[in-house]
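There are structures below to look over.
The following pair of complexes shares a single chain, chain A, combined with chain B in the former and chain C in the latter.
And now, the complex of A and B:
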């Protein structure tokens, strides 16, 4: 509704009335909890020590600043997000380019690609934990041993655990990137590629000078969506490793959850969540900003 | 010496059950402006794409300057092409579009810029180099595509209906410039069009395509004045010539009961034939054949009378529009020395003495 003149006032009010229930629901379910979260982050709310409760000011944030576990979680969040999104884009692009070469039956790949996406992340986490990565029984473990490598405790040792949760996330969400890229590739104009062939561009040059720039909007939208989700990933990791062993796969979201609902320190947990919120918004803001202006391609 | 001779030998191509080209032969001379003319689906674009290397024939050989390039990729053929929809690189500026073939050729950067400017100046778009294709009008995009094609000095210059997306006025203007450009570049140009006027005005020689066959190869003059068959006669000209059943006996031609003596003896034993006469070679003659006026069309500079001679429609061009009364009787005669004769069965032209 755009404000134009007085005559539309009544109409505007009516429109507002019509949208009010929806707005209210939205307010109650999103804005209010967010506001409450921010408010809690300035309080001391610790169910283990209820006598300490009260206004804490920036105390939680100061504590966070000196909390090495926080910085560790932050680092893991960065590694987890960057590597899983990079893998999704690169693998998704590669698969899309491959499938584009198939003259018929692309629909089979589209359907297969949907499957991991529609699974609940908890199911994915459990599925990998039990079927794929479990010592001795898991398929990956079996394969590794069958190939003659030493057995790796995929979820029980720190570095393999981190690699595992990144792999799980990549496995579930690469199909999303794949589907978006496949659809974008299919919509690229064929005669432009013919022109490029006549202009003597080889396959690699056509990819670099034509495909990548034309896919740029799709690549950026995939990166934005995946980074936002990746930063706040939770369920699959929780189901697969619970953030462990120790804190080896404890990204920020898991740390905030554990602080709030395991240690029952809601005030500090809220502060951790707020910091994740700020990071997510800042990163998305930067990415959205990058999306609009015309810049040179930075690569996938 | 002169480069750019294209020789097609027995080219056959099918797409599924559709036979696109039925063993066509074509010999295009260096520096010639050669038009491939035909309705859509006649195989002209397929022929061009094979010369470009974008498609390969199922049978036959394509030679360029005596070298077999039938299966050579486009990059090895030293060609440039202007596409019907221009096929500009949408994410690049006009400058980058024109420079692209040179960059792929690994030309030193310092030489690219002046070459780009030169090509852009040739087609009057030097002031648009910083724009993107999306910011250009159709005519400007077309020029950008032309500039990209001429920036390198290719052996062959291929054009696939380059004017068909322009509005009428721009098309006429660009047509003239295209011809000038081709002469200045001194390069073989192969031009696909469904517009016979374009083919007639631009081409040194042309091939008339129909249903995967070449019906006639010749200069516009030859094709227009001596169509090789009824099919060509029925295609060329706007409107095409009138084709009427007639009886031939020696040099006596009888149409609708009206006999005339041909000035030159036809090389034909006689019998049922088809007579062709252009609308501009029909005139009103009080002693002529009686026809019934069906409709009079005003074309501005001239008018077209649609007349019925018995059951046969005859079109006649007259100098000025005169609505006339529909149903009115108009006596007509044909300019006897401009008459074309075709065999009724095969449709082949019947040569007249001296042809």
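And now, the complex of A and C:
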């Protein structure tokens, strides 16, 4: 017994030795800068007017509360995140169910689906801005006019710009949902379906009562991962619209970025980033909380 | 029976048509980029877009060796992504082993902490990093960029490796009564070879993410450290309509990740789904 305690202690010490470098690196590279961010959110730091710098108390946060551009950005973040994640899950699921039915050639879909995922979001944003959506040049623009509709200034008018950035994000990341769902569908037991077929359940019933509950863990994981990525989306929007026209596609990320690096108002930019940080943490906390009991119920 | 079969065939044809249409939506932007990159600058601006034309390799030559050469940016991206990957693996693999297999004080807290750092939105880091690196004179330096890249690669790599470590059968290491040296040997000679596949997947993911990163690169880099993603962006903001050259440059810049993506397609999907299919492991 004593001897085992000693061995456990040795194991603990060894385990600490292995984790220490990684944990220390995380502490220095993420926690320290975040503490710095919180500190600077209580400061006036304006690189354009450095003589004004100094402690500002909660002034940045008060300003934020009365800032209509902030609330606008917050609303857009919500719309952007919710609609792009919903679209990814629904289209990804539909596509996965469809491809499962195809007798041959599934591998083509897998290969094609990997392409958008591995592309840099900034390149995706640039491709869409130029090759697809540019007026009198892009293929989407051409298609819309060829079909006899009126020309739409996809990135130059407020509502189309928001729709465009959501569509671009959905285009790039739906394959992720699709691939995860396809893998999950492929791992489902076939005998349940046999039983259901004998019970004369139709396709919709089978999907609703068998497939969907079995896929729930995968769906929840996909939602969590996609919400996180959506909340930190930056490069594709930055490349496609830069948040514009005006502030029409300016989600919170872009507002915090522009306040800091364009207006050089780092104090206020920090406060905006802190609010985004809190929202992200809160949302992920809720999502993980929702996931935990369900998983036990599913017996995983 | 034959009418049943005919209905099934008809159903398959409809399925194939619907699926192919959707396939086209995902392939088209890339395919079109390839076509545009082979056009001359005057041909590009033809509207409606021309489909038949004399292909030229000039855009590729320009993108590599001409006035807008992206060669130095490619080299920068290679250095940054490789260094980030190596450093991440060295730090993540031992930590993941301890998380997954060993008795470790405050394991839950550290695991949760690692997960939490993964959730941090990058814009919340780029602001303080700009101020800090500016203060210590490390803006536009390789060291600074690689340190910053650890922020997103390390938490992710630890969690991905943990899920692979958990799959090793427990009989592999009966390490309870070993001293420190032989514990290290166990890790090196027995555990690491077992998770070679997992390490490969992690390397792929970390490298891809580092190669594709833009937000940190555009703000913390500069003339000295300018990864390809930033070079692409500058291309459009400076040269508004040289879209054939942009397409060629972007396709060259994305060639490494696309090749890796296609070769390692199975491993990437496995990496993406490792959490989803298992329901997130044992925690």
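Simple rule for what comes next: the second predicted complex is superposed on the first by the 273 of 300 C-alpha atoms of A that agree within 3 Å, B and C clash if a C-alpha of one lies under 4 Å from a C-alpha of the other, contacts with A are read in each partner's own complex, and residues count from 1 in each chain.
Convention: a residue touches a chain if its C-beta (ideal position, glycine included) is under 8 Å from a C-beta of that chain, and two chains touch if they have at least 3 such contacts.
Remember, it's a predicted structure, so these values are computed and weren't measured experimentally.
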Fit or clash - chain C, chain B, common chain A: fit
Touched partner set for A:109, first chain B, second chain C, both or neither: second
Inter-chain angle, chain B to chain C through the CA centre of chain A, in degrees rounded to a multiple of 10: 80
Contacts of A:262 with chain B and chain C, given as first, second, both or neither: neither
Contacts of A:210 with chain B and chain C, given as first, second, both or neither: first
Chain A residues touched by each partner, larger count belonging to chain B or chain C: C
Touched partner set for A:14, first chain B, second chain C, both or neither: second
Chain B versus chain C as contact partner of A:49, first or second or both or neither: neither
Partner chain in contact with A:146 - chain B first, chain C second, else both or neither: second
Minimal inter-chain CA distance - chain C and chain B, angstrom: 7
Doubly contacted chain A residues - partners chain C and chain B: none
Touching residues (chain side chain A, partner chain C) in the complex: 3-4, 7-8, 10-19, 21-23, 25-26, 29-31, 33-34, 36-37, 40, 45, 95, 98-99, 101-103, 108-124, 126-132, 134, 136-137, 139, 142, 146, 171, 175-176, 179-180, 183-184, 187, 217-218, 221-222, 225, 228, 231-232, 234-235, 238-239, 253, 256-257, 260-261, 266, 269-270, 273-274, 276-277, 280-281, 284, 291, 295, 298, 300
Touching residues (chain side chain A, partner chain B) in the complex: 189, 191-192, 194-202, 205, 209-210, 213-214, 216
Interface residues, chain C side, partner chain A - complex: 12, 15-16, 18-19, 22-23, 25-30, 32-33, 36, 45, 47-49, 91-92, 94-95, 97-99, 102-105, 110, 113-114, 116-117, 119-132, 147-148, 150-151, 154-155, 158, 175-180, 183, 187, 208, 211-215, 219, 229, 232-233, 236, 243, 246-247, 250, 253-254, 257-258, 260-262, 265, 268-270, 272-273, 275-280
Chain B - residues contacting chain A, complex: 52-54, 73-75, 79-81, 83-85, 87-92, 100-101, 104-105, 148
